[in-house]
Every structure is written in C-alpha cells, then in structure tokens.
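You will see chain A twice below: alongside chain B first, and alongside chain C after that.
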Partner chain A sequence: MRQSSLRFVAIGGREWALLGAVILASIVFSVASPYFVTAGNAGTIVRNSTELMLAGLGMTLLLAMGSIDVSIGILMGLAAIAVAHALLASVAPALALLVGPLTGAGLGLLTALVVVRGRVPAIVGTLGLLGVYRMGVFALLGGQWLSGLPAGLTELLSSTILGIPLSVLVIGLAYLAVWLALRRTPYGPHLLSIGNAEEKARLSGVPVTKVRIATFVISGALTGLAASFYVASYRNVEMAIGSTLALDAIAAVVLGGTSIMGGRCSLLGTALGVVLLRILQNGLLLMGVPSLWQPVVTGALLISVLALELPVSRLGDMKEKWMQR
Partner chain B sequence: MTVPFLRATGITKRFGALTALRDVDLDINGGEVLALLGDNGAGKSTFIKILAGAHPQSDGELLVEGQPVEFSSPKDAASSGIATIFQELALSENLSISENVFLGRELKRSVLGIPFLRRKAMRERVDGLLHELDAHISDPEAAVGSLSGGQRQAVAICRALNLNAKLVIMDEPTAALAVAETRKVLELTRRLAGRGCAVVLISHNIADVFEVADRMVVFRRGRKVAERRKEDTTPEEIVSLITGAHPDVRALEQNNR
Partner chain C sequence: MKTLLKLSASSRILLLLAALWIVVILLFAALRPTMFSASTVTTVLQFSTILALVSLGQCLVILAGGAGIDLSVGGIVSLSVVLAMTAVKAGLPPALLPVACVAAGLLLGLFNGLLVTRLRILPLIATLGTLFVYSGLALALTGGAAQSGVPAWLLAWGRGLILSLPVPFVTLVVPVFAIAAVLLLLSAWGRWLFAMGFNERSARLVGIPVDRVRLLVYGLSGLLSGLAGLVSLAWLGSARPNIGQNLELESLTAVMLGGVAITGGVGGVGGVIAAVILLVTLKTGLLQLNVNTVWQVGIVGALLIAVLLIERLSKRWS
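Presenting the complex of A and B:
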C-alpha cells in the first residue's frame, strides 16, 4: 500500500535519483573543467546555495499547501535593505541577523492579508505585490547601491561551533524545525490536507485560514533569513537583488519532488534540488556559458520536470482507480 | 415520551428569491436509521447541510436533546454530536487513515508550548475503531488514496465515531460502490444504529433504503411530503411519493398552489 505523504525524510526514488544526478553532474563538470573540483569552487557552490536553501524551504511549504509566492525575490530585497540599515546603524550582528526574518515575517503577513484575506489567487496576488515591492526597493535604494556594509554579520555567520560554520548550523536548524512541525505537530496534516483539497480540509475542521496565513508568514521569515545570509555574503544590496530567486526556488522545489499541485512535499528533495541546481549553474559557468543563460537553463529544467511529471502522476491516478475495481 | 435526539421545527431555507426548503418538521431518534428520499433539488441536501452546520437556516429551530442550538459552522454541529459524511467524503487522499480520522482534532501533548502529536495513541484508537467496525483494514498508516470506496466509507465512519457522534449523516454512501462494497457499508450503517447512534441516510436507491432504514421521509420541491415507517409502506408507495403521483402529494400540492 502507498504510504502517507508525510514521510518526508524516508529516502525514496526521487531523492536517490537526485543524489545520482548530483554525482553525475559533478563527474561531467570535473571532466569538463579543471576548476570544478577545487576546494574554492566547492565553497562557492555552498555559499551560493545558502539563500536558496532557506527560500526553497519556505516555497516547499507554500507549494505543498497548493499555493505559491512569486514575490519572494523582491521580498528578500526589502528584508536585505532592512538588514543593511541595521548593520549601518551599528546594531549588534546577532540582532542584525534577526532583522531579516522579522522583516520577512512582516512582509509575509502582508502577502497573507492580500492572498488569504483578500481571497485573491496566490499567483496573481503575489505577482501584484511583486510590482509594489519592486517600487519599494527602488524608493528605498534610490537607484544606488548599499555597499561597503560592516563585516560583523559576515564574521558571525562564518564563525564555527565544533568546526561547523554557524551558517550551516542555522540552515540545518531551520530544516529540522520545519521537519518537526510537519511530522510531529498538527501543522503537517493540516498543511497537506489543504494542499490536497481546501474545501475538504475546511469541512474536516482544519483551521484553513489560520494555517494559510501562518504558512505565508513562515515562508516570509525564511526568505527574510535568506536576506540576512545574502547581506552577510555580499555585503551590498543592489536593485537587481533576488530577481531570479522565485524561479530558482520553484525549480529546485519541484525538482525535489514537491507537487506543484499541492498535497505532497519532500524537504530532503528540496535540499538536493537546490544543490543540483547550483551545481548545474556553476558548472555551466565554468564551461564558459555566460551567466545570462542561467535563468534559461533553470526555466527549461522547471518546465521539463513538470511536463514529464504531470502525465506520470495522471497515470498513477488511473492505475490507482483501476486497482480499486 | 422521550425527547428525540434532534427535533427540527419549521426549518426554512431561502437563497435570495429561491426557497429551497419550506417549513420542515422532523424528529430524529437515537438508534434508528432515518432515510431521506426525494428527487434532485427536492431539498434533502439543503436540509442535511443545515443539520451539519454548513448553512444556517433562514427560519425555524433546531433542538438537540431538547435544547435549542444554533450552528454557524460544521464545528458547532460536531460539538453537538452531529457528524456528517459527505458524498464526496471529506477525506484527504494524501494522508494516512489515522491522520484522516483525527484531522482537525488531533490528540496533542504540549512540550514547551509546542503541540506535539500523540501519534501512537491516535494509531491505537483508530486500530480499535477499525476492529470494532470489522472493516478489514490492517494498517492505520496506509494512505487513504490507496483504499477502495467501501474502505473509505469505513474511514469516514471511524471519523464520525471518533467524534463521539450521536447523529451521523450519510449522504449517498453507496452511490459509487460495487455490490459487495454496498453490502458492507449497509452493514456498517446498521452497526452504527446498533451502537445507539441516530443515522440520517440520503439515498436514491430504494432497495438499499428498504434494507437499512427504520423510517423514511420524502421531500418534494422543498417540502416534507410524507413520513412512513418501513413496515407501513412499500417501495411502490415511496416511489409514487417521490414522483408526486401519490394522491396525498397531489392533494398537498393542490392546496399549496
């Protein structure tokens, strides 16, 4: 019998396939470019993955709920501006780290008010907010870069505890917290029942509105945390910040086996999807493909996964119906 | 005389200019299976939605065990002991049996303010209920999407029992089932009544109704047109009441014109 969709960490076929793809891509790129397997390049891939790991975690929850947020890139931009100003105002780095998730949670709440309270389809509501937030970033930056930011946050996140960088620990803790919430608290079944069919969830007594608002706030907080990581890595904020984040996050999450239709998710899949996406982008860059091609590759990957997957899941449904007879 | 579990008096439901239900009086007793019959649009679905708390009535009163109640949501109805098994079975196919049975009312234990699920306790409870119903489902962790139609009905009934429901409303429970599965669900229905539950059953299948119901109520054009005990009627009479060919219904409809 097919098991419940709540088996997030059980390594299934999807996760093994992704792991295989990561290894295969690594082999191909290390043959193609002598720089790929250097320690420096591995560090680059890890560093480039951190924001997407966090934003992708939030996107996993949204997609599992049958929702989406296409404004997360610019949301990260706004949160990054807040973090940057906190650093410029000489706020302690540990507090500056928290400014990101707090700003993100606030913006997530605003998104929730529009999408959940305003009863606007998530894709349209967040697209509208994308426009509004973009103007916000422009107004706040005034066309200038916020650069030469203090190094305090950078030092904090690269400091190590028992040899593990704090940045890696924070990401690990975020995944663990979300896993516990999904697997060990009512939030998990509630979220997935909404993703499966919102009306049925409501009839069953699931507090649908509350769960939907909470999920936008959690996703906002995780994307805001990504903003703190961004500021720590780059120590500047510019107009184009986060312009490919939503695309990258949706691609990585869907690649990871979370259903775009809702009702199913894999946290391990998301993490592996992020790593695979970043390795592909990095490897292509090393092979001399201009970085402008990255969104093309990501977009093509997203479309191919969906195109290949939907007929398969339909086939699965048909098979299931057949078995019932 | 004992108080019925639920008494509906003068229930009327208007949707704008349309009156979907007019002045319905009905008593429902514990331990009996009451069938609601009627053509499409006769008002039976509207009536059970009012009982289930999905729509508020426009007029009229509901008494549960003699006390007036007002339902503004299915949750209110559930807290009065009324559980509804909708035709489309409000089950989440992607969740397990035990997650479905407890969905929206999970057993929790608070650790540092975080509501952790008591998964083992929930699994054991569901295992017990499945046994009691003799549902032939061995693994409460199986996804509901992998179950047959009849097994899903059993899960929905478990959900109702787990609510300590005293009135279970079943909307077309056998509509999409094969013969053997229909048998099983009718057995489950009788077993529910045997436990002292009141069961309200909506069905178009007269044979099923005669097999399982103690009492039948016929709706037509938003009114209750007849009420019969099973031993006092025949399938032919019920059909003529539904279609309006019965003299009583004709007389009634003449008067209301």
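Presenting the complex of A and C:
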C-alpha cells in the first residue's frame, strides 16, 4: 500500500512554487499598475485576506477529511449579525470578539448534525443549509444594512501588544492551534485517515463520527472568528455578505495542495494560496478588470489547478509502476 | 419480480408526492381561496417548464452515479441565453437563436463532462467551479443587464396557450420526458445508466463504456439547461444573466424529492416531474401570499435536507 499518500506537508515543492507564484504575480502587477506596490494597497490585500485565511483553515480540514461545506459564506454572515448585535448592545469588545466563534461553532454543530448524524452527503446537505441560512440572514436583517456599528472591536483588533497588532496575533494563534491539533494530537492522523478511506479508518478504530463532528464545529468556529474580523474591518453587515467566500476558500485550499480526494493536507499551502488568490484579485482590479469577473477568474483557477495536477499524479503513478518492476 | 418491486417503489413515491401536493393545495386553499383559477394552473406549468428541463438533466447525471452531480446547471442556463443573444446581436440570423442557445448549453455541459471523465476532477468540485465561471461570465459579459431583442415568433411560442396549458410545456416538457422515460426503461443505454449508478466497477467489467456514457450524460444535462434557457428567452422576451440563479438547489431538491437516490442507480423521471410540479406549486403559492423569494430559497433548502433525512431514517427503520 502507498504509505506516502498519508502525509502532512511542512514545506515542499508545492509551497515553494506558490511562493514563487506570489512573487511573480507581485512583480507583474507592480509593473502593470503603479498603485500595486503602495503601502495602502498592501494593507488592503492583508485586510481582505484575513477572513479568507481563517475560513480557509477550516476548509483545509474539511477537504482533507474528504468533506466540504459550501455554506460557510452565509454562515459567516449569520455570525457577523450576532457580533454586530453584541456590539450594538454595547457588550465589551473582547466578549464581542468571542461571539463570532461561538455562533460559528453552534452553526457548525448544526451542519454536523445534518451531514454526519443525518448521513446526508456534505455537498447536498450544506447546499440546503446555504438556502436556509440565507433565509436566516434575510429574516434577521429585514432587507436592510446593519451599518455604523460601534468602533470598539475595530480598535481592539488594531491595538498592539509588543508592537504586533492584535489581529495578527489572533490569526497567528488560530493557525498555531490548528497546526498543533494536526501535528501533535491524534486528531491529525485520524482526520487524514478518514479522508483517505473512511471505512478503513472506522475498522482500524478511528472515532470517525466524533472526528467528523469536531471538524465541522472547528470549521464553523474559525469561520465565526472570520465574522468578528469582518465586522471589525467593515463595521457593517449586508445581505450579500460572504457570497463568494466558499468558492474563494475552496480555491485557495486546492491551490495550496490539500487533496480533495483526502489524505493530504497543507496549512502553509492554504495560507500561501489565500495570499496568491487575493493578490490576483487585487491586481486584476487595479488593471481595470471589473469585479464581476472575479468569480470567473477564481473558478477558472480552481479548475485549472486541478486539471494541471492530473499529469503530475499520472507521472507519480508511472514512477511507482517503474519502481515495482 | 425485480421490475415489479421497482415499479411498486416508484408508484409509492408518486402516491406520496400526490398526497403531499394535495396537502399543499389544501393549505393554500385555506390561506387564500382566490388563487384557484385556470390562470394559476397556467402559471404553475409555465414556471415548471424551466425547472423540469433542468431537473431532468440533473436526474440523469445523478442516476449515472460516480458521485455525479451537476451544480453548474443554473450557470449553463444563464450563460447559454446570454451567448445566444449576443450571437444574434453580432449578426447571427434570428432563426438560428434556438439552435445557438441549445448548442451553447450542450458545449458547456460537455466541458463539464470532459473535466469529470478526462481530467478525473471530482464532479462536485468541477461543477462548482464551472457554476461560478458560467454564471460569472453571464453577468460579466452583460454587466448584469437583460438583453432584449427576442424575435416575435419565438415569443408567440413561449407565451402561447393550448387549452390554457402553456405551449412550451406541451411541446417540450411532455415529449422530452416521454423520450427520457422510454430511453431509460427500454433502451440498452438506459440500462447502462442504471448499471453504472448501481455498481460502476461491475459496469466497467461487463464492458459498458462508462466514461463515454458519463460524458454524454453531462452533455445532455447541458443541452437540457440550454433548452430551459430557450424557454426563458421565449417566455420573458429577454436574456436575463441571472435567470439560472438557485436552479442548482431547486433541481437537486426536485430530483431528491422525486425519489432518485443521491448515490445513483435508483429512480426515474416520473417522480422528478411530479416533484417539480409539487415544488413549483409550493413556490407559486408562496409568491401569491407575498412571501419574499429569499424565504422560498430557504424553504426549498429545508425541504432538500428534510427529504434526505427522512430517506435515511426510513432506511434505518425498514
């Protein structure tokens, strides 16, 4: 059996290639547009990346487990509404920051009940929940914007500890927590073995149901944290919130080299994928491509990455056959 | 014996759907008695036409198994109408508008099929990607504006009535579903489809050209979406770049409600058309009660989950 198919990647060819792509894209765009290299634009890219980075961490776990959640965008919307109402009720900003992940974890548990307990295929179950959640957002917002939210959370997240902005610290901690869970606890191997072959994992004693439920809850909590960041940076919530978050997250994770067929997972790849995706979107916008083209570009990128992976994996299979002779 | 069992299962689903349909109608009758008229029947069938065609394609894709699903159907509907209308504006004879629309749908569907069969991309990811590419292209090419200029003869077909039944329903949905039912039940090709969905490995071993059939099925799903786009053109009189919105959710709900197993190999087209009519009746009733479309999406989503949960539970009990 192929032992190598179960693996965590620290830094490998994929990550170097992504780093190269990030640098290349930056050079191309800075030649194409004088605004690209300004400090203001770098700030925009970083700010636009934060939610996707957090949601992408959760999506990495889901895809590595051979699962998916297409409802995360609107899940973020619901959590953002909860955070916004907490702020409006003048809850302390530190507590409001926690409202997001808590709401997200609760909704993640609901998703897990449908998908894991109810044994509904993840894509169909989360597509149904997407409709239900969208109705929830509409019912809660009543067709209006929640705008002019108090600045408490914004100030909290931009305050610095030892010269590091708290937002960076929180994202770093989230990344570290997921990394530790994957690399230093049984959760990681369990997750990947489920992604590789769920039935085999079950037979070899992996608590499949628990791990799957936990993963949906973790992904929900991370997306909920993304909602806190969203509210902090935009200070409003509108109906169309998060409409492309799921696509962006899936594209970034696939770009990062996490295998959808399960069994391979790279957090660093996801992080680089997020940065690359946001740089591409930002650069195209600066070059005058209307934002309506963004889903087209992201979707095409997703498909072409998967299409390009085929020759590489075929090469690997051939090499393996060669070695067996 | 086996066909007898299958028949009884499918007629059970039809009976269940009919019972549900009567419940829905009684519910609306209690809430708003005025909505019962011949024009409501016309409206329901008019709305059903688009969803029925798209759901048939979705049904074939899911029946063929292999984790088959076509999330891009709505994108194909939107993009095929936009492409066909753009082609006519660029000088294509208007007489060829239907051909252009259907051909665009077929090509977009075949592209999905190639991604799935040649490049071996998981159907749900491949069609999720193309959903955003197609629907994004439809919006980006038009800037979100509806494209008018549908020839009058097409409007006459799209808006005409035969005995207060919409012409597109009578001339398109009825024959297409009849052909599909005959093909699925009586032709070797239909047997292949069920065999693939039931057990792909043994289907390959007995020599069924699984990949070719699957490519064709995705192509057919695209073609049917193109037809649905054509109906929308002929009915609404313009190419709306967002006409296919939420169709992936609605078609999946209709197919699941119609008794098709998500794993493939089990189901038929009769349940699908019954489920489409039930779904559209529900939506039309909600529309007449002035319920916002977002609520309709939510109700359809909840229905999808409920159907699947009930299916699982009933399997556990039986």
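Everything that follows uses one rule, which is that the second predicted complex is superposed on the first by the 305 of 325 C-alpha atoms of A that agree within 3 Å, B and C clash if a C-alpha of one lies under 4 Å from a C-alpha of the other, contacts with A are read in each partner's own complex, and residues count from 1 in each chain.
Just so it is clear, a contact is a pair of C-beta atoms (placed from the backbone, for glycine too) under 8 Å apart; a residue touches a chain by one contact, two chains touch by 3 or more.
Since this is a predicted model, take the numbers as computed values, not measurements.
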Touching partner for A:Leu157 - first (chain B), second (chain C), both, neither: neither
Contacts of A:Leu245 with chain B and chain C, given as first, second, both or neither: neither
Partner chain in contact with A:Gly136 - chain B first, chain C second, else both or neither: second
First (chain B), second (chain C), both or neither touched by A:Met59: neither
If touched residues of chain A are counted for chain B and for chain C, the larger one: C
Chain B versus chain C as contact partner of A:Thr185, first or second or both or neither: first
Which of chain B and chain C A:Ser204 touches, first, second, both or neither: first
Partner chain(s) touched by A:Gly299 [first = chain B, second = chain C, both, neither]: second
Contact residues common to both interfaces of chain A (with chain B and with chain C): none
Partner chain A, residues of chain C touching it in the complex: 69, 71, 115, 119-122, 124-126, 128-133, 135-137, 139-140, 143-144, 246, 248-249, 252-253, 256, 262, 292, 294-295, 297-305, 308-309, 312
Touch list for chain A against partner chain B, complex: 1-6, 184-186, 189-190, 192-193, 195-197, 199-201, 203-207, 263-264, 320, 324-325
Contact footprint of chain C on chain A as seen in their complex: 68, 70, 114, 118-121, 123-125, 127-132, 134-136, 138-139, 143, 244, 247, 250, 254, 260-261, 290, 292-296, 298-300, 302-303, 306-307, 310
Interface residues, chain B side, partner chain A - complex: 54, 74-75, 78, 84, 86, 88, 90-96, 99-100, 102-106, 108, 114-117, 119, 139, 141-143, 145-146, 148-149, 159, 178
